[in-house]
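Please see the structure below; I have some questions.
Labels run A, B, C and D following the written order; every chain starts at residue 1.
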Amino acid sequence: MKEPRNDSTRRRFLRTVAGGTVVGTTALAGCSGESDTTPAATTEEDGSGSTTESGDGTEASAGGAGEALPTYTYLNNPANYNAARHDAINLIGERLNQLGLDVGVEVFEWGTLYERATQEFDFGFTTWSRGLGLYPGTRMPEQFHSSNTDPGQGNFTGYTNEDLDPVLMNQLQEGDRSARVDMLHEIQSVINEDVPMHPIVQMPNPLAFNNNQVSNWTEHLVGFYHMEPQTNVEVTADHGELRGSWSETLGTLNVLGYNNETKLIHQFEMLYDKLVRNNSNLEPDADLSLATSWESPDETTVRYQIREGHTWHDGEDVTPEDVKFTLDYIKENQVPLYATQWEMYDSVEVDGQWVQVNFSNPVGPVHQTFSNQIPIVPQHIWSERSDPTNVSVTEPVGSGPLMFDYWDQGSELSLVRNDDHWNTVNYDRRIWRIIPESSTVWSLLLDGTLNYLPFTRIGKQLSDNQSEDQITVLAPPGDGWWHLSQNTRQGGLDDPVVRRAAVHSIPKQVINEQLLYGFATQGWNLVGESFGDYSNPEVPKYQEENGVEVGRGLMEEAGYTFDDDGMAHFPE
Amino acid sequence: MAMLEVEDLKVYYDTAEGAVKAVDGVSFEIEEGENLGIVGESGCGKSTLAKALIGILPQNGYIAGGEIRFRGEDLTEAPERRRRELRWDEISMIAQSAMNALDPVYTIRQQILEAIEAHHNWSRTKSQERIDEMFDLVGLDRERQTDYPHQFSGGMRQRAMIAMSLVLEPSLILADEPTTALDVIMQDQILKRINEIQEASSASMMVITHDVAVVAETCDRVVVMYAGEIAEEGPAAAIFDEPYHPYTLGLKSAFPNIREADQDLVSIGGHPPDLHDPPTGCRFAERCPMATEVCSREDPPEVEVGGLRSYCHHVDDIDTQLRPVADRAETWQNTDAADDRGLADD
Amino acid sequence: MSQKHERSIFADVEEYESDEEFSAWRRNLRLWRSTLSEQWRLLTDDSLVVAAMAILGGFILLAFVAPVVAPHDPLERMYTESGLIAKWIEPSFLGGEGDFLLGTTAQGYDIFSQLVYGARPALLVGFVAAVMTVGIGTMVGLTAGYYGGYVDDFLMRLVDFVYGLPLLPTVIVLVTVLGAGLDSIILAFVLLQWRTSARVIRALVLSLRERAFVKAARVSGASNWRILSRHIAPNVLPMAFLYGAFAIAWAILTEAGVSFLGLGDPNSVSWGVMLQGARVYSAMTEGTWWWFVPPGVCIALVVISGFLIGRGYEEIVNPELQVEQ
Amino acid sequence: MGKLNFFVRRTAQLVVTLWAVATALFMLFRLMPGDPTSYIVSPQMTPEVRQRIIESYGLNDPLWVQYLRYIENLATLDLGRSFNTNSEVSEILATYLPNTLVLMLSAFVLAYAVGVTLGVLTGWYRGSRFEKSTVVTALVGRSIPSFWVGILVIWVFGATFGVIPLSGMTSIGTEPEGFVDMVTSLDFLHHLVAPMLVLAFYYMGYPLLIMRNSMLETLSEDFIDICRAKGLSERAIMFRHAARNAMLPVLTAAAIAVGFAIGGSVLIETVFGWPGIGREMIRAVMRRDYPVAQGTFLVLALSVVLMNFVADLLYGVLDPRVTYE
C-alpha cells in the first residue's frame, strides 16, 4: 500500500507504547507501569481512513445553562497494584468534590481500567504513570494529535488542537536539536494552558541498597537498570554478588518475544548490546555502545561502525552481519515489540565493519528512538528460529556484560560477569530473586541477603528504612510522572476553565510529602527538569496551597455557579 | 470350690445424670462343666454382667464392688495383663449378634488366627489344624475360612463365632443371646450344636438370654435377674416347673412353652425401674400383682424354697394367690401405662 | 446406644392425623417447639457451644450498632491537627497521638472503626451464603433423593462435577468474571458450596424414604408433595441447619482469602480487605500488629464459633456421637 | 468382570467430569470482562501483526470452532501459550507443578498421618480432657485463615527470631541441581518446614474430626467388644480393628480434602513466596493470562477429580464388602 510520505510518518509516531503497558505491567508489584518507557509496537494502519478526525472532542457539551455539571468517574487502580497512587487518586477525588465537581472514585483492575480509559473513553478523570523515554518528544503526537482520538489510539483525552498538530509531528523529524527544543517548548506551554493531561508528580527512579555490600551507584534518567550505572556499581560484599529482587516471576527469557516489562528489560539490558546507548548526560556514548562510531550522511541514512573483536557469550565473534541479521530478522518476522523501529527503515547493508541503515523518512533523534532500542542477537542462533516471538529461550546467548548462568523458573535468575566485554561489571554475579512479599524483601535487604532493590516501591518502608545505617536510598528524577488526564469529551470537562480548576485542586504537596514521603517532586510541566533544556522553564505552575479556592475562583469568573451543596452549575 | 464365684458384684455406669446401677449386688457360682442360664428382660443387667465377667465394660462402666473369683483368683483385683491372658483362653464369649461381632474387613480365618496369636505361640500348621478342626466341629466348610463375614449367612456367621470362641478350649464360655438374631429353625440348630459341643468339651457355659425357652433347653441351673438384682436362682427344672418369685412366673408365662401348647402369651405391664435411682425395697414391687406395702419398704429376704433361692416377701403366698392366675394376661396388666417403650438393649 | 432415628419426629402426629388439618398443624407447631427447645437445651449444655454463641451474638450485635460503636466512618480519612493525613498512627494505649484506639492505617483510616464495620460484611457473607447454599443444597438433595431415577442421576452427576472444582481457585476465577465485590464472592461461593449439603441430604432422604412412617404415608395414598413437605423435609431440617452452620464458617473464610488476594470489593471494608491492606502496605515489616492481628482474630473468632456451634449441633443430630451409656 | 466393569465405568465418569470442567472453564473465560484480545493485542499494532497474533491464538474463529480446537488440544495435552510470556503452558506447569506437589503432598501426608492418629486417639479416649483440647485445637486450625497464620509465622519466626527463611524454596544464589537433588537438600527442607507446618495445621482438622466421629461409630460396634474379649491388646484393637474400619470414611473425605488443600496451598504459596502452581494461577488470573489460568486451573481440578477416582478405587481395596455391582 503506497502512502504519501508525510501521512505515513505521522501515523508512525501516533502509535502508543505497545504491549508493555497493556499486558506487561504487573498487578502485584506496584512499581510496574512506572517505567513503560520504551516505545515498542507501532504500525501502519489500514488505509481505510481511521486516521481522519473523529471530531468527537468538542461536541460533547451536554449540560445546559444553569444545570449541574454531570457526575464524573475517576478511575482508580487497586491498592495492591500501586498503593501510593491509589491513595493519591482518592485524595484528588476528595479535592475535586470540594471544588464542586461530583466525582466518584471507582477502583478497577489495571487491564479493565486501561481499557475503559483508552478504548471506551468511559471516564472523567484518570491517573497512571507515564514515562517519556530518553527523548521527551517521542510520545507527544500519540498523546495529543487531533487525528489520534479513536478508540485504542493514544489520544484518549480526546484533546484536539489543529494548530498544535504540525508541531507535534515535526519535532520528531527535525534533525536540528535546538529547533526540536523550541518545538517542544511550544507544545509544553500549549498543553499547560489547555491541560487535557497534567503531571501530578514527577516520579523518581528510587533505589535502595545495602551500603555494607554495594557502593558507587550512579544516576541515569531511565533508571538504575541501565548499563552505565550497572557497570559503575561496585560490590564490596565477600560473595561478590549483586542481589536484587522482584515480586513476579520472569516468565520468559526471549528478548524478541516479551512484552516490554521492566523486570525483563532489566535483564536484557545487560545480556545484550545495543548499537548505541546514551549516557547519563543523555548523549550517545561509544563507551556504552556496540558501535564505536556513527555518522549520518543524509537525513534518511545512518551508518554504524561495529566494534571489532567482540564475542558472543558462546565464543563466536560479533560481526556486522549479526547486526544486519537482527534488523532484517525483526522486520521479516514483524516482531511486535520492535514494530516502531522496524517500520522506520527500508533496508540494511553491510560495508566492511560498517552497517548502513536506510530509513524511509527523515529521522530526528535517531539514537534515542532507534539505535538504543534494538538488542542485537546472534545470527548463528536465531537464524534457525522461524517464529521468534514464540520461541522458548531457556539459555539466552547475547554479547552484553553479563552472561546467562542459570534460571530457576519462579525462583531466581543468575547472570555472571562476561570478562570479555569491553565494559565489564565490577561484580562476579548478579542474582535476580523472585519474592512476592515486599515486607520479606525489606527484611532481606536489611540483613544483607539482598543488597539492592531496583524500582523499589515508594512508601513508609522506604522512608523508614533509609534511616538504617546499612541502607542508602537514592531517588534521582526519572523520565516518568503521574498524569491527571481529563476526558474532554465529557460535559464540563470540555471547557479548559473547568480542567484548569481541576488541576489547581490537585494537592500536589500533600501527595508528594505524605504519600510519596518527599521522594518525588511536584509536577508542573509535561517535560520535567530532568530532561534539561527540553523542559520549558517559562511554563506557569499550578501549585497553589489553596488550590480548591483558586479553582473555584476561576470557574466563578467564567460564570459557573455553585449551589448550596457546593456543587458546580453551568453558567446561565 | 466352684470354677467361678461371683460375690456381691456391683457394676455401675457413669452418665451425665449420675451412676446407673446396672448390676447391684449379684452373687452366684458356676461349677466346672456346668451350664448356667441368666434370664431377664432387656436392661436387667445380664449383658453388663457378662461384660464385667470377661472384663470388657465400656469406658464409663466400672465394677463398684464385690468379687469375681475365677478358680479362686479375684479378677477384680487382678492386673490388666493377667486378665487379658485369661480372656478367650479361659473365658471366651459368643456374642449376641454374629452379624456385627465379626470385623467386616478381615477374613474369618484372620480373626480366629488373631485370637490364637494373642495367647499362644503356635506354629502356623498347628494353628491351621486347630482352625480346620473347629470348622469341622461347627459344621462349616473348611474352604470358606478365607471368606469375609459379609459372605456368610447369619447362621454360618454364628457358627464361625462359636468356632472362634472354642478355638482356645476355654473353661468358660459366655453366650450372650446366642440365637436371638437367628430365625427359629436356625436357632434350634445352633442350640443343639452348642449343647453337643459343650458336652463334648468339659467347658462350663453361661447362657444369657431373655428367652426362657433357650435356657430351659440348654441349662442346668438358672439365675433370674431383675433390675440389676437376682430375683431367683435354682436348677432349671425347678425354676420352670415351680418358680417362687412372681417375676419368674410372669416371665415364664410371657414365653411360649414348648411343652404346653396353646398357652396364652402374657406380658408384664409397666417397665423396669430407673437404675439411676432404684426404688427401695423390692425392685419388682411396682409391677408385681402381689405387691404389698412392705415390698416397697424393705428389701426382700433370701428364701430357700423348693430347691430354689428366691428373693420375695411373699414366697409363702405364691402358690395360693398367683400361680393359679399366672397364665392370664389381665393378671399382669395392673399398671395403667401399658406401653412398652422398647428400650434398647444395653 | 446406636438407636437410629427410627421415628419421625412427627410420628405421633401422623398416627392420629385426621382431616382436622388445623389441629394437626397446631400439633406440628407444638412438636417443633418441643423438639427445638430440647435441642436447644442439649446444645446449651456444652459450655463451648455457649461460648461460641456468645461470641457470634456479640459480633451480630456489633454489626448492628457499628455506627454507634465506631468513632469514625471506616473510609473517612483522618487528619492530624496540623492538617496532615493521620496515617500509621500508633494505638492510643501505646501513646499514639490522636485518639485512635487501634491506631490508623497507611491511608489514614481508623483501624478500630474498620474492625467494627468489618463485622457487617463478614456476617452478611456468612449468613447470606449459608442460607443460599443450604437452601439450594436441600432442594437438590430432596429432589434427587426422593424422586430417584434419572432426576437423581442427573443431579448427582452435577454434584460430582461441582465437586471436581477446587473451592478457592474457582471462586477466584468466578469473582474475576463477575467483578470484584461482596456479591460476587457470595454468588461464587454459593455456586460451588451447595454441593456438600445436596449430597448429604440426598443420602438422608434415601434412608428416610425407606422408613416405616414414610412408607405408611405412601401406602395411605399421600401425595408426593405431602410426603416431601410433611414427612421428609422436617426430618431433613436438622441436617440442613448443621450444614448451614458450617457454611457460615466456610463462607467467611473464603471471603477473607479472596479479599486477601485483592479480589474483594475495594470500595468497602471487610476484615479480609483490611488484611490485604496491611499486606499491601507491608504492615508486617513495620511491626504494626494492631493493624494485621485484630482482623485475623475477628475472622478466627467468628469462624470458630460457626464450627463449634455446628459441631455441637452435630453431636445432637447424630446420636452415634453421643456419649454412650 | 465386576471390578473391571467398575473401573471402566468410573474412568468414563472421570473423563466426562473433566470434560465438563474444561467446558465450563472455556465458557467462563469467554465471559471475562472485556474482549480477551484487548489484553494480548496492543491496539496500535499493525492490522497484520494484530491479525497474526489473534490468529495464532485462534481468537478470530467462531466460538464453536474455538471450543472444538480447545477440546482437541486438551486431549493432546496442548494447553496453548501464555498471553504474557509466550511460553508453553505445559512448560509452565512442568516448572511449577512439582514444587506445589512437594509442598502440598508433604503437608497433606503429615496432616493426614497426625490427624488420623489424633482422630483415633480422641475417639478412643472419648470424654477426656485430651479429647476436648485436641478437638478444639483442630477446630482452631481449620478456623484461622491459613494465610494469616502464615503471615504471623513469618513475622514471628522469620523476621523476629530469624529461625526460618522468609521466602522461597531455596536460599538465594543456589544453583538448581535437578529436582530430586533440590528436594533432598537440607536447604530446601529448611525452607519447606514453615509453609508445610502451616498448611498441615490447616489441613489437619478435617481428617481428625472425621476420624474421630468415625471411630466413635466403630467403637460402638459389637466386634470391638469381641476383640477385647479375645484378649487383644488395646493397641491392636485401636489400630488394627477400630481405626482400620473407621478409616473408610476418612478415605472418601480425602478426595474432598484435596479440594480444600488446594485452596489452602494457593494462599500459602503466595504468602511464603513458594514458586508453585497456585501462585502462578493467581498471577495469571490477575493479569488475564487466560491460557495459563486455564491450564493451572485444569491441573488443580484434575487433581481433585483424580483424587476422587483414586479414593473410590482404594475404597474397593480396603473394604471387602464393596461388590462393584
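Observations on the structure shown:
What we mean here is this: a contact is a pair of C-beta atoms (placed from the backbone, for glycine too) under 8 Å apart; a residue touches a chain by one contact, two chains touch by 3 or more.
Just so it is clear, the structure is predicted and the values come from calculations on it, not from any experiment.
The innermost chain, defined by the distance from its C-alpha mean to the mean of all protein C-alpha atoms, is D.
Interface comparison, C-D versus A-C: the higher number of contacting C-beta pairs is recorded for C-D. Each chain gets one centre point, the mean of its Cα atoms, and the points for chain A and chain B are 92 Å apart. If you average the CA atoms of chain C and of chain D, the two centres end up 24 Å from each other. Chain B and chain C have Cα centroids lying 50 Å from one another. Of all residues in chain C, those that touch two or more other chains are 1, 262, 279, 284-285, 323-324. Multi-chain contact residues of chain B, defined as those touching 2 or more other chains: 59-60.
The set of chain A residues that touch two or more partner chains comprises 27-28, 109, 437, 439, 443.
Those residues of chain A lying in contact with chain D across their complex are 15-16, 18-19, 21-24, 26-28, 40-46, 109, 111-112, 115, 118-119, 151-154, 239, 241, 243, 248-252, 254, 257-259, 334, 336, 339, 343, 389-390, 392, 405-406, 408-412, 414, 429, 431, 433-437, 439-440, 443-444, 447, 449-450. Residue ranges on chain C touching chain A, taken from their complex, read 77, 84-85, 87-88, 106-107, 180, 262, 266-267, 276-277, 279-286.
Those residues of chain A that touch chain C in the shared complex are 27-28, 30, 76, 78-80, 83, 87, 90-91, 94, 106-107, 109, 437-439, 442-443, 459-461, 464, 510, 514-515. Residue ranges of chain C in contact with chain D, taken from their complex: 1-2, 48, 157, 160-161, 163-170, 172-174, 176-177, 179, 249, 253, 256-257, 260-262, 275, 279, 284-285, 287, 289, 292-293, 296, 299-300, 303-304, 306-308, 311, 314, 318, 320-321, 323-324.
Chain B makes touch with chain D in their complex at residues 51, 54-56, 59-60, 84-89, 92-93, 95-97, 100-105, 114-115, 118-119, 148, 150.
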